[in-house]
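Letters are used for the chains, namely A, B, C and D, taken in the order the chains are written, and counting of residues starts over at 1 for each.
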């Protein structure tokens, strides 16, 4: 604080003096709370900040389902789900550190402003110790910054941009979801096997930070296997009709189209590319192919038949066969009658991981939680052994390469797992140039005291 | 030399020659009426005086200065006020506010930003506006909402607004159009009173011969965009050409 | 009782507004903590700040739209410009808001001058679309091409490698000469907890000042001219008034209010997102003004509070909260009520807002203030049936949709 | 050259959509004097009529297939659409496949009805109200409509494919002498363009050659006079509202295969269609159509790499830039009448 700063205590005195006729100074909260929103009662509140309106509302809804399930499991209701398979065994189903878990929800509207407003209300009004959620990188980064300033923990859910744990990484923020670099690293070898190393790729990229980082990552990874990047065209977000961007692709000499789009944009650009008959064409003597680097179940449902045979990557999928996945899918499926999406999985896991870290640390103090999570290695929550790297708070684990199924039997298995890319292949140094280089730093953990 | 000198004015709308070679001189402190059958070009001519239309040919001089090419508010600031056929007032404001706007426009000119003065503290303006309202016998209606008044009252208000600017020339576009006989007579009386009280020139476009002959000192008869004759009321009454073109049908 | 050049009635009005504003942290916290209805409490810093900030935005917008009738659909652009200016000052100088806020007013004023000068060449819907076009261009560019200046989707924020040439030790968040915006004092009275936040009071004092300015503008000859523009531009032109500079002045003033509001947003929370320039944000202030009552002094502020309240409170009502309220009911009925509530709260809060827009405009034409006044008069008339109406309230005059002009 | 032809084709298609929405909007404005912010929602409802028809035709019963298991390990329930069991798998599949064109037949009466209900129930009470009130109430209605759709259909875009016969594209370039694969154009977009041309033509013919249309046009020009003639203009205006709703609705139905319907697509189109209407000139039908195509084609040109590399981001702002330039050079848009909505 600067020298002229009025200290918290000083301010309270002033406040008390003005209100002296009405109240005694003692009724003001003592500044004694050790950290922001220290839970003092018999319960602890978590904030689930997801999009409930706007284009990603469906993702938000599925995340919310998973959060509610996680709270149930933490409080000892239900079958415990993946808590039973989790390698760390400190969670006992009695809440967190014996405090019952309660939660508040908010609507991010997929806008940084609204997300920050909602998160602030959770911190200021409801007194949460941790916020989780998000379905866009801009929102995740904005809320992560807020959590850092306010002194609470942010467990990011769906955010794929390199920046979240790259140049915008924060000590109080953790990301379980994979990122654009990992997508590229996982996809490239599979693409090489499937389409050969002599390919010319044309990128259509959503014109904002996530799109750019993904395009950069995919281009770098595919160029490393010998592909040539013919062109990269930036498309406006929410363009709706992509025809004028798709039409020139064939004439450019490219034989692969990479769609760096997400959500509705991806559904539309893929559908329209198929309508233009791109996949039926033969260019340079090769079958024309389309790649969608980042997949989600909801996008796959939106794109319907068009995703058949199209490669992409995912953080997790319910079709995995490990015990953690099976336990989670079983309890989610029994509660909601449908398999969970990848974002639901991240939401669930992040909540358990936070509860576990608090329990191991024996404190809700954010700095203690950060310490407990940094370098934490665990297993049993789906997709195998995972490391929360201390340098950038990114989780490292295997990455799934997916493909649109040719003959899906239900609406839920429209994507099939082609390969589980081992974690070594998607590793990168924390000071990688795509992640802010050596300048990027987590800063100090902030407990708000 | 009249206060308003119109020379050789012509105006064309597409295929229609609305005005051609109009010459007119309105003497200072006189009441000059312009009459003519429907479509004779009376309103077009008036619009050429106030800056709403720019004639294709000719000149319009007011007080020795050309008005052509000037915007309506500039011409108004030169000293020409206009009363419309349908009263144009500020319907959402009170009667008093209507008149005060004119007083401000007269005192402060076309634009002056004065956000930190208070209307209620402008004693001079208030006094002036009240005088104007009492001149038209509307002081008792000062707080009324202008749009809710009768048409006759709206007309009187509009006159008060025009007079508040102390114009040299008052243009009246059919001031009694659509009025009942009694209202018409009141308006005539009001105009006479105004004329008596101050030095003002009036140019009236009118359909109602009763009004014209009660007020006008000189009359110009317009037919098919050209002045037919210009003379005193007495002479106009008996003029054969006028009878043929106009009076025969309506009087 | 008169002061600052106001009439006795206005002074009373201003004093009430000041009192309400200062007591907001108490008024908005009517329910005890932990009770089921605590969800409806709005007395936490972020929302109170938003009430004040959007109040300022709407007050300014009202000077343009409420007085002159010119409906701008692009005022969010100035909000964004104000925010970006303030965050840039954080990045370049330090976290003291004293550098950014005045500059935010100036830059948004300059942009308003430029955009207003061009847009005011047209009137009616053509003017609206021109302002919309400018704002949408600003938004689209800020979101993508101008990312080096605006940090695009993420929003402009301070990074540790920013110059911050004036920064002093330990300065980590916005402050006004050491009064740190996000610090609060809390007062516990029984089960009630009241939060007195520095940022809120900073915004509230500015809001009172700009409200006073708007009151003065309403009562000034300038304000009278602006109202005259709304009711009859033709007459005004023939009364010797050049309307363009008046509308431009109103446009610039309201743009500066918007810039101030945007600057304050960044002063409360040092991040400026591009979405605050989007057409929906411009539309929001239009809705606030109309909902509260365009052209009335208090209306826009009420409208702003109304919309922000729904956005922040209703969106947070989830199943857990609903169960808390209705658990005393028999199971079947509880499920039914909760199922029904899903239409209106939580993820469906937009629906409630939409319905309320419709209800207000259908049953309270002229907005909340007009409606409230009418109800008030109806009650008073009941009490003393023969008492004359002391303030004249005009009946509604239908707009003339088409007015022929050459 | 080839690139320009290509973008003109794409522009025509975008333009068709803009023109169809703008046509209804300007029709409502011209006849009723109402600023309808719910018009985008009508387009959206049309698209969801297509979704509903597809869903209805695909209504299924469940058959247990014990050879397979679902995600929880239970025997798999396979869904069999009723139409497939009634008419046999092939005919049934064809019916489902043709659900979008079939939806047109459903959409016309549904949208007419929606239009009538909206006009009689709500809009008619706002004829004499200020435009601000009209904006607020129709905006509120738009929100309510889209939230209801979201409640029942979810927020995710829903795939609504065109019939198999129209999927894929044809090589337009090869037909007119260019190299193959240079100018390709999807069949469905050709269908859409043709459809738009027919609808626009029909609306104009209806207004031009029927007595009903003449009265409406007279009403657009001077409502009071027509009212004085003793003609019941109100009933005709109700019908016009229905027609405008139907035009927006079937535009939405046919657009569903191009743009997978989602609940907020109406809002996305709303702003754009207002820009189109105003650039065309408030209340001018030919203006709206001309502006729709003009903006569609210019937007396509601005999306070309050659253009974007010179002026980055031009494709994001071109529509607004053109709108500003047109409104500054032509005060009332391309074909607007004086005095309309200028107060």
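Methods note: contacts are C-beta pairs under 8 Å (C-beta built on N, C-alpha and C of every residue); 3 or more make two chains touch, one makes a residue touch a chain.
Note that this is a predicted model, so its numbers are computed, not measured.
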Partner chains that chain B and chain C have in common: none
Partner chains shared by chain C and chain D (touch criterion as defined above): A
Most remote chain, CA-based centroid, reference being chain A: B
CA centroid of chain B to CA centroid of chain D, Å: 52
Length of the line joining the C-alpha centres of chain A and chain B, rounded to whole Å: 74
Distance between the centres, which are taken as Cα means, of chain C and chain A, whole angstrom: 33
Computed distance of Cα centres, chain D from chain A, in Å: 35
Residue list for chain C, restricted to those that touch at least two other chains: 140, 144-145, 350, 406
Chain A residues counted as touching two or more neighbouring chains: 53, 57, 61, 207, 234, 236
All chain pairs that touch each other: A-C, A-D, B-C, C-D
Contact footprint of chain C on chain B as seen in their complex: 47, 50, 52-53, 71-74, 76-77, 81-82, 84, 88-94, 97, 100-102, 104-106, 108-111, 113-122, 125, 143-145, 147-148, 161, 165
Interface residues, chain D side, partner chain A - complex: 2-3, 6-7, 9-11, 13-14, 17, 68, 70-72, 76, 78, 150, 154-159, 161-162, 167-169, 181-186, 188-189, 257-260, 262, 264-265, 268, 299-300, 303-305, 308, 313, 315-316
Parts of chain A lying in touch with chain C, wherever the complex brings them together: 1-6, 8, 11-12, 15-16, 19, 23, 27-29, 52-53, 57, 60-61, 64, 68, 102-107, 111-114, 116-118, 120-121, 124-125, 136-138, 141-142, 145-146, 149-150, 163, 167-168, 207-210, 234, 236-237, 439, 441, 443
In the complex, chain C residues that touch chain A: 41, 44-47, 50, 140, 143-145, 147, 152-155, 157, 159-161, 168-173, 175, 177-180, 182-183, 185-189, 195-196, 198, 265, 269, 271, 273, 275-276, 311-312, 315-316, 318-320, 346-347, 349-350
In the complex, chain C residues that touch chain D: 69, 71, 118, 121-126, 129-130, 132-134, 136-137, 140-141, 144-145, 279-280, 283, 286-287, 290-291, 294, 342-343, 348, 350-351, 353-358, 360-362, 365, 398-406
